[in-house]
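Take a look at the structures below.
Same chain, two partners: subunit A is paired with subunit B first, then with subunit C.
Coming up: the complex of A and B.
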C-alpha cells in the first residue's frame, strides 16, 4: 500500500461529507474544494467545452484558468478549484457556457 | 482573519497579496507604525508557495509539503504580533485599484461566489501579486489529467489530493523538481521529470551559484527525494504529445536540441494517468499595469515591474515586492517585502545585509531565468490542430493563418482575428504562447529600451487586462465614477 497525501502531512480530517455530482454521491473531506473532492473520487472532467464539446477539469488549480467551471446548486461558471465542497451540494457537469436555457 | 473597521482617512498602506512578499511587507510596515490592510483571494495567508491545507483537514505536519516552513511561521507570528495595525482580509479578490498617491481605492469581491463588493481606501498601495505558470501548448494538452505543475502542487498542498497515480512531470524550471518531489512523497509514481533546458547551463553561472549555497542545498534536497523515489530527471526532453480520448493515458516524449526543437527519431512513449506541466512562471501584473506602472523585460521573455532600490514602482505611492518584480523565489520575495515595508514607512536607510541578500538572490534569479528561457524551437512540437487558447478553443492553424495570411503582427491583432485570449482567463494561459507564435513583440508590450528590448518570438507579451477578475455588471454599475481614478493612464 502506497503512502497518501493525508499520511504525508499526518492529517486527521473531520468525517467526510457527501455531495451529488451528476446524480452520483461523492465523498469529500471537510475543507476540500469541489475540484479536490472530484479528483479524490477519480474524476478529472466536469465541463464540456462550447465549441468542440470536449471534456475539461481543473488545470491551474489556483483560480486563474477557469477551465474547472462547474454548475453548483444551479449556478453555472463556478470555479470548482475555489468553491468549498459543502454537504448536500448539487454539482453538475457544465455544458458549454452554462447558459443553454437562454438559447 | 481579523476584520476591524477602516480607520478614518483610510489605511496608510494596502498590500495586495498575502504570500511571502506581502506578509513580509505588511509585518514590516506595521512594525514601523503604519496601519495596513492586507488583502488576498485565498481564505488563508501564504500565497501559492505557502498554500496551506484547509484547517478542517487537521494536518499535523503541513511542512512535509513545504520548504522554508519556519520562515513562514515567523512571518505569521510577526503579523499576529502587529495585529492591532494589520487588518487581514482573506477571500477578497481584488479586481481594481484606482486613484493616486494619498488616495487609492482598492475594490474587491468577497463572499461565497465572489459576488459581494468591498472596497478599502489607502494612502499607498503595495503589489505582492505573485505569479502564475507559463504554459506552452502541445498536442493533447487539453485532455483531462494534463494539469499545470503548479496546479498539481496547489491542489496537493490545499486539498491533499493527486491528479493520478502515475504522473509525468514536464516543462522547464526549478518548480518542476519541487512538484515532482512533492508528488512522489505524497504517493504518486513519477516515471520521469522532462526538463526542456539543459541543467549543464548552470555551470556558466558558477560564481552566482557559489554565492547562493542555500539554493544548492535546496536543489540537493529535491534531488535526494527524487532519487529515493526512483524519479529520473531527463534534461533537454519534452512531452511533445499527450494521448487519450476522454483522459490522458500516455505521453510521447522527445529529445530537444539546444533551441528546444524536438530531434526527429528520438520519440518514445510513456504510459501515465496524469501530466503536470509548466514552463516557468510569469508575474501577475493586471492591477499595477492598470495604474500605469512600467515594466521591464526579463531574460526569459516575461514582463516584470520596474522598481527602484526602495521597491518603488514608476507610479507615485505604488510599491511592489516579490514575483511581480521578477520571478525570484520565496527568499527574494521576503527580502523585497522587508525592504518595501521599511521604505513605505519612511525608513530611508536600509540595512546593508538585507540589500546584499537581495542583490545576491536577484543574481541567482537572473541566472535561472536565462537558463530556463523557452527556446524558439518549441513550436516544432505543435501540430495544426493543437489548441492554443483553451477557453475559446482556438487552434495553431487559426493563429498561424492570422499571422501569415492576415498579417497579424502582435498578440492583440491575433485576438481580434481569432478570439485567442478573449475568453474566461483573459489570456493568462495562452498569452505567452500566442505572443511567441506571432514572432514579433506585442504592440502594447513593455516599452523600456535597451537590453530589455523584446526579441521576436521569445516574448511573453504584456498581461494587460482591464479587470483582474470577472465582476458582475451590477457591481460595476454601482461604482462611483466621479472618484479620482487612473482610467486612461498611459501605458
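Coming up: the complex of A and C.
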C-alpha cells in the first residue's frame, strides 16, 4: 500500500488537475509544485546536465540549488520545485542549458 | 614581513616576497578572498586605460599574468586570453575611440581598428548599427578567487609563508603588528594590502590614506551557449571609470564565462558600504547589455552580486612606502583594476623592499600624494 502524508494530516484536497510531461499525462493536486507532482508520478529526473549529459531532478526542493530545472510552457530553466502545477501545462525534459535555439 | 590582507593584492605580494626568499606572515581578519576580491570580476584590461602610469603598470601586469598562467597552469587560474572589443555607437564616438587607441599603441598596447562591417565577424550577436570598434588582443580574464588562492598556495609551498586567517590587525608600529588572535607579530616591514579598508589600516599607524568604497553590481544570467566571445563594452565605459562623481555611472561590460552564464558588469557609485540591492541600477545594466547584444533581451538573470572597490580620489593605487613611515608599504586602492594590476603591484613592492631598481617609476603611486594636496 502507498503511504501518503495526506492521510496523516487528514487532508481533503480538491480534485486533481492534469498537465503533460514529455507528452504523457501527469496528475497533480491543486497547490502542488511541478517537482512534487513529477515525484509522485514516480519520475525522479527531468533534466540532462550541460556537462556530461547526466540526469537531474529536485535536490534541495526549496529554490536554492537550481538542480530541478525544467522546460515549462516553452521556457527553459524554470525551477520545478517552485513552479505550481497548472492544468494543461506543457512540461518537458530540459536538455543542457535549454537554449538550443541560440546555438 | 607582514602582509595585511589575503585578497588578490596580498596574495600576489606574499608570492613575490616569498619567491625572493623573504619570510612572510599573511594576516586577514576574515577568510582568504573574503573582501572585494571575492565580490568582483576578473577582467585583466589594458583597453580601458589611457596612456600614463596606470597603463604602464597594466601592460607589465598582463605580461606577468601570462607568465603566471604558464607556471601555474591556465586552468588553475581560469586564465583566458580572450581579448577585448570596445564598440562605438556613432561616428563621433568611433573617431574618439580610434584616437585613444592610437595613443595607447604608442604606449605599447596592441589595438586593431574594426570597421562597422567587420564587427559581426568578431561578435556574431552584436547589435546592428554600431559605428565600429577596436580589438584589444591583450585583454584577458582570470577567476579572482582561484587566482588568489593559487598564488597563496605557491607562496606557502616555499615553506616561508604563514597564513593567519580570522586574525584582525588591531595596532601597527615600527617592527610590531598587534593582532586579536595571534598577539604581537614582530617584523621588519609591513605591507598594507587591505584594499577598501586600507585607510583604516593606515590609521592604525597614525597615517592617512583616503580610500573610499565605490559600489559595483554584477548581473549573472542563466547558463547559455557561447554567445559572447570577447569582453565587449561600449566606448562610454572608459569615461565612467575615470569619473570622479559620486553619482551612479554604468555602462555594461559583457562577457561569457567558461561555465555558461554571461556576466554583465558593472555599475559604479559612491554610497558608502550600503549593501542594499538597487533595482534601478540592475535594470540599467541589463538594458545596456541588451542594447549591445539584443539576443540577451529574452535571457533571464539568475542573480546579482555587489562589491566595494577600493577608490582613491585620483583613481590610481597607492604603491610604495608611507611618506613618514618607511617600514610601512601601502599596496591598496586599486579600485576596479586590482585583479589586473596585482602581479605588477607585487613586483614593485618586492623590488622596493629588496632595494632593487623598480621596473617603472612608482612616483605617481606615491602614498604621500594626498597629504600634499590637502596642506
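Note that in this section the second predicted complex is superposed on the first by the 100 of 103 C-alpha atoms of A that agree within 3 Å, B and C clash if a C-alpha of one lies under 4 Å from a C-alpha of the other, contacts with A are read in each partner's own complex, and residues count from 1 in each chain.
Everything that follows uses one rule, which is that a residue touches a chain if its C-beta (ideal position, glycine included) is under 8 Å from a C-beta of that chain, and two chains touch if they have at least 3 such contacts.
Since the structure is predicted, the reported quantities are computational estimates derived from the model, not experimental observations.
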Superposition on subunit A - do subunit B and subunit C clash or fit
clash
First, second, both or neither for A:64, with subunit B first and subunit C second
first
Once the shared chain is lined up, is A:22 touching subunit B (first), subunit C (second), both, or neither of them?
neither
Where does A:50 make contact in the superposed view: on subunit B (first), on subunit C (second), on both, or on neither?
both
I'd like to know which partner A:31 touches here: subunit B for first, subunit C for second, both or neither.
first
For A:40, decide between first (touching subunit B), second (touching subunit C), both and neither.
first
In this superposition, the partner of subunit A with more touched residues, subunit B or subunit C, is B
Regarding the shared-chain residue A:12, is it in contact with subunit B (first), subunit C (second), both, or neither?
first
Which of subunit B and subunit C A:81 touches, first, second, both or neither:
first
Kindly classify A:99 by the partners it touches after superposition: subunit B alone (first), subunit C alone (second), both, or neither?
second
Of the partners subunit B and subunit C, which touch A:3 in the superposed model: first, second, both, neither?
first
Taking the contacts subunit A makes with subunit B in one complex and with subunit C in the other, which residues are shared?
50, 66, 77
Touch list for subunit A against partner subunit B, complex
2-14, 29-33, 35-37, 39-40, 44-45, 49-52, 54-67, 69, 75, 77-78, 81, 83-84
Which residues, counting only subunit A, touch subunit C once they are in their complex?
50, 66, 76-77, 97, 99-100, 102-103
Where on subunit C does subunit A make contact in their complex?
222-225, 227, 260, 295, 299-300, 302
Would you tell me which residues of subunit B are touching subunit A in their complex?
41, 48, 53-62, 64-65, 112-113, 132-133, 142, 144-148, 150-156, 158-164, 185-187, 246-247, 274, 390-393, 423-425, 428-429
